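Per-chain numbering from 1; labels A, B, C and D assigned in written order.
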Amino acid sequence: MDTGRQSNRIRVGVAGAAGYAGQELVRLLARHPHAELARAMASSASSPRRALPGLAHLWNGTVEPLDLDALAEGPAAAFLALPEEASAEIAPQLLARGVRVFDLSGAFRLRDVATRTRWYPKTGAVPGEIVYGLPEVQRAQLLDAHLVSCPGCYPTAAVLALRPLVTAGLVAGDIVIDAKSGVSGAGKAPSERTHFSECHGSVSAYGVFAHRHAAEIEQELGVGVTFVPHLVPLDRGILETIYTRVPPGTTEAAIAEVYGATYANAPFVRLTGGTLPVIKQVAYTNFCDIGWMLDPPSGRLVVVSVLDNLLKGAAGQAVQNFNIAFGFDERAGLLA
Amino acid sequence: MDTGRQSNRIRVGVAGAAGYAGQELVRLLARHPHAELARAMASSASSPRRALPGLAHLWNGTVEPLDLDALAEGPAAAFLALPEEASAEIAPQLLARGVRVFDLSGAFRLRDVATRTRWYPKTGAVPGEIVYGLPEVQRAQLLDAHLVSCPGCYPTAAVLALRPLVTAGLVAGDIVIDAKSGVSGAGKAPSERTHFSECHGSVSAYGVFAHRHAAEIEQELGVGVTFVPHLVPLDRGILETIYTRVPPGTTEAAIAEVYGATYANAPFVRLTGGTLPVIKQVAYTNFCDIGWMLDPPSGRLVVVSVLDNLLKGAAGQAVQNFNIAFGFDERAGLLA
Amino acid sequence: MDTGRQSNRIRVGVAGAAGYAGQELVRLLARHPHAELARAMASSASSPRRALPGLAHLWNGTVEPLDLDALAEGPAAAFLALPEEASAEIAPQLLARGVRVFDLSGAFRLRDVATRTRWYPKTGAVPGEIVYGLPEVQRAQLLDAHLVSCPGCYPTAAVLALRPLVTAGLVAGDIVIDAKSGVSGAGKAPSERTHFSECHGSVSAYGVFAHRHAAEIEQELGVGVTFVPHLVPLDRGILETIYTRVPPGTTEAAIAEVYGATYANAPFVRLTGGTLPVIKQVAYTNFCDIGWMLDPPSGRLVVVSVLDNLLKGAAGQAVQNFNIAFGFDERAGLLA
Amino acid sequence: MDTGRQSNRIRVGVAGAAGYAGQELVRLLARHPHAELARAMASSASSPRRALPGLAHLWNGTVEPLDLDALAEGPAAAFLALPEEASAEIAPQLLARGVRVFDLSGAFRLRDVATRTRWYPKTGAVPGEIVYGLPEVQRAQLLDAHLVSCPGCYPTAAVLALRPLVTAGLVAGDIVIDAKSGVSGAGKAPSERTHFSECHGSVSAYGVFAHRHAAEIEQELGVGVTFVPHLVPLDRGILETIYTRVPPGTTEAAIAEVYGATYANAPFVRLTGGTLPVIKQVAYTNFCDIGWMLDPPSGRLVVVSVLDNLLKGAAGQAVQNFNIAFGFDERAGLLA
């Protein structure tokens, strides 16, 4: 089935292939119609080559220790699913050697220096021009971009749900974003917080007034928000319940029109109107589904936005950005 | 082990013993130091007597078909874990025959007739004097009460968290209550919504602008709220994340003082301050744990309230009300 | 992206598209490179047309009420994910009208009339020639088959694990198959057994000495087995732990050789040797992973076989059979 | 409520109070009618005093660093929920100072020196007389015992199910024990194996032919077994499915009679006959429920045994042993 697939494909590399987002990148890129996965590397220097058992028969390569030179040679594009300080160090070197970079960390997401220094203190100066890779918003800038900073999982769901409303002047009150996330969002490193027996049968709020994704959401919306993430006992998926008020007289039809116009050509945003979406319908896909309910007398609005944190919230969106950046169909390799 | 336990015990009956809250009532009352469980009945008329396998060796009785006469004879108190229309029909008859009633349905919770008619249309007129059984608020009125209407699970968590703040004048903004509930809150009757494969790995919002518990919360607080409940993939427990703003200048210490003073003598409310509580620490207990975080510059306040929906949110609270109403220690039979 | 896809594609229909296996069929066939999904029907006669929200943007058709004539017109192949009695009635009529049938029910799995009558009493006589669709075993017979009876989920995992050993004479003791299944295997109809609160936090054995899949396994192996299935609290996936004894002197290498030779060309069977496979690595894929451990002194052998019950155990395997039957690459549309 | 409770109570201490079994010990002993919890200690020497938030209002003490002198002074009995090497070191010193020891580790379970050295190599020599604390089997020896070695969680379920049959000569074939355990059985220390995202949606077999509980089961039964434990995605509970054959002519009644006679006076063993028990009915209790099904023609027998690994499989059983050893009602403090 791989016969002839290498012709006309973009050679790509993945750094951070052992983590959850990294494994998804390997899975997506190994069977991508326009990519050839030339390298997959894991950041823990000491680890020997190893296979990813869940990917056998899909990808028969091995994960190598991270090696900048090897990553820069051959691949025309590199996907970095690394801690932000590693991304901050490696990305400029890759760019300098002509490799286009799709970074999944927070290293390059915040444009304001003071904000960035506060939330990502280890990331140093920012290299050249960065495109914030939310394709539904920046499709044009992504074409030929060299450094794409892929949004965080929470901001992706929040910004896709709120930006059309803010832009259209339909937000007239405080914004509260109550996010519920599956535990894979916390990464692959074991901890007490992500120990099975602590999460099972429980829900916990965390990062109140202190989560860096709040800064990212505020940057992309241009307004302040109250953002509280929660761990819920499932593996993959985020549901955000967003509360605000619309200006007096705003109708349900006006809201539907704004969303419809914004996402008319967005293959990965699905609008569900008054049938509020649930996590199950987007898990293991690259979709972000958005529904909403308005209480016209009071102007109170509830929007619900769901996505798979490892796909539309991480690896899938990175591949979507790659597709656009290299001029392929946005959906290539993502409709599985 | 039961030798001699019958002396000086209050004879009680349970109607609705086959449901989740009903089974908890049977379990709690079967080993209550001051109660003798004389009758346990299930509402489905056609069902024969049956044992509750999980309660064998704890309670050796059988669940009988619902029979008003049998329930009224002998027991001095009846716990009703029935659909509201059944409670509305039965409770007045039991009261007329001298049986004190602890009702777990919504039949008697709303005092305003129009509101009550809207949300509980099948419940008809309300019998005499009703005490809303939130013991931390109405401890005095509960003593010698004859009809106690036990609060809903969501209102219990919300009112315990918010009422002290509202009363103290510490709420100065919209109130948003984002509730996450385990699936046992939806009862024991199978449905597509509570089918395992639909809930597992998913989260769903429901009842937006249309949940009758919102009316109950607003009644007890005297202010409006936005309330959105969610089903999360666990069995027992509720976590409510509550968002509002406090008046300018309000300090964290002021909030802590209000809570501390309100619940100084409440054995089942535990204040956790800035360490936000999680469901796991209250599941299978009668506690409601409350924590909070304030962002002083903005006055934004986040309160988190957790409880077990079948205990503090249903059967446990009913027994707590019973304890107070009959003059026993509030904690009797509830510290297991 | 769908441009030109209709050329040279096989027109197919799905009956039973509203169930879990049916939805997977729609998802797989909607983006299959060699199929055109012409019809999707649900068996409940009264249901109106409806969309499958999770498939929006992947498949924009609607599910229609089941209509035999419409299913027979146009499609060259029909996938039946129906109750066995419905399959038994419909399949012969489709065959008579030239439609090739891939049946996912148990209607046509058992060859022995008495056994079949015992376990599937409502299925009547069997039409003509049937191929049991376990591609790794019957690849040759599948080519040009007209009625393919797709194996049950439990038998797929068991037969793939055991048949090579039985055939090679490596089974010398009783066979015990302890199967653990996710709840989606019980279908989409709500029931007390599959109610979230009954399954969560629990495990239950069922069908002891009375599960029709045992008869199917015994038919395919030619030997008796003890088979006990269990419901475990997850959605998708089966893990079977298989216990037997090998003849004295059998080495681990001999077992590995038998498996390796049998599955050398099987793209969807992955051998993991002494690293026993887990459900997570096959969920949402069409793979069956098999590992084993031998205790040479005693000759005790433990084999572990895992698959996704809705894919390799149902819809995925049906599509795999379709691929072979129509001469396509076995993997077409299944490596997502 | 604690008024006067200290009179006539046995002063006890808990070492290992921060782990899952240790927390259950604290919870049980804090409200035990005949015990006074004088000390609770955690083994990690560096940890400062800390509260157990889930136990606030139930137990208002703090967990102290482990201190042998403090543990030996005052308490008449010590419960050790420590790693086996710590138990092996501490228990003899406590015994020498007159403290009766209830040990939950594996340090003292195996009587055969060679077997013990193989599975618990760090535990050194065994001190004096040890009673294996399975109360349903050794009730008489427990009275006045000084060192009680509490059984492992898996052996408790297996031995209670199998010993009556073996003793009665009703086992005539190989014994296979397929155990499914909740993840709390793996302890509180985070690891990749117990990371939420690895366990959720998955099942895994482990310890095949290499689990020390197999040796313990074989010791207590006097016959060999094949034992394979599995992790299933739930927190608390074990279900063991046990396969064997009975002698020709054995009837279902004979099996029921053996079980009934053995457990007629066992308050914590519940026999469910042909209604196989499920984990949910024993979780959070000290019960072990046992059911069975016989296929008379073949003599194949399936027994299902369930318990809560932290209670009947650990802390509950230790308290049950304490009750018997000190002459209290076996059920004291355990029927919550």
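Simple rule for what comes next: contacts are C-beta pairs under 8 Å (C-beta built on N, C-alpha and C of every residue); 3 or more make two chains touch, one makes a residue touch a chain.
Since the model is a prediction, treat every value here as computed from it, not as a measurement.
> Would you kindly say which chain has the C-alpha centre located farthest from the C-alpha centre of chain C?
B
> Could you let me know which interface, A-C or A-D, is made of more C-beta pairs in contact?
Here the pair linked by more C-beta pairs in contact is A-D.
> So how far apart, in whole Å, are chain A and chain D when each is placed at the average of its C-alpha atoms?
46
> Between chain C and chain D, tell me the centre distance in angstrom, where each centre is the average of that chain's C-alpha atoms.
40
> Using Cα averages as centroids, what's the distance between chain A and chain C in whole Å?
34
> Check each residue of chain A and list the ones that touch at least two other chains.
Within chain A, residues 182, 198, 200-201, 233-235, 280 contact more than one other chain.
> Along chain B, where are the residues that touch chain A in the complex?
173-174, 176, 178, 180, 182, 198, 200-206, 208-209, 224, 226, 228, 230, 232-237, 239, 241, 243, 245, 276, 278-280, 283, 293, 295, 298, 300, 302, 304
> Given the complex with chain C, which residues does chain A contribute to the contact?
1, 31, 53-54, 56-58, 201, 267-268, 270, 272, 275, 277, 280-282, 284, 287, 289, 329, 331, 335-336
> For the complex, which residues does chain C have touching chain B?
20, 182-184, 188, 190-192, 194-201, 233-235
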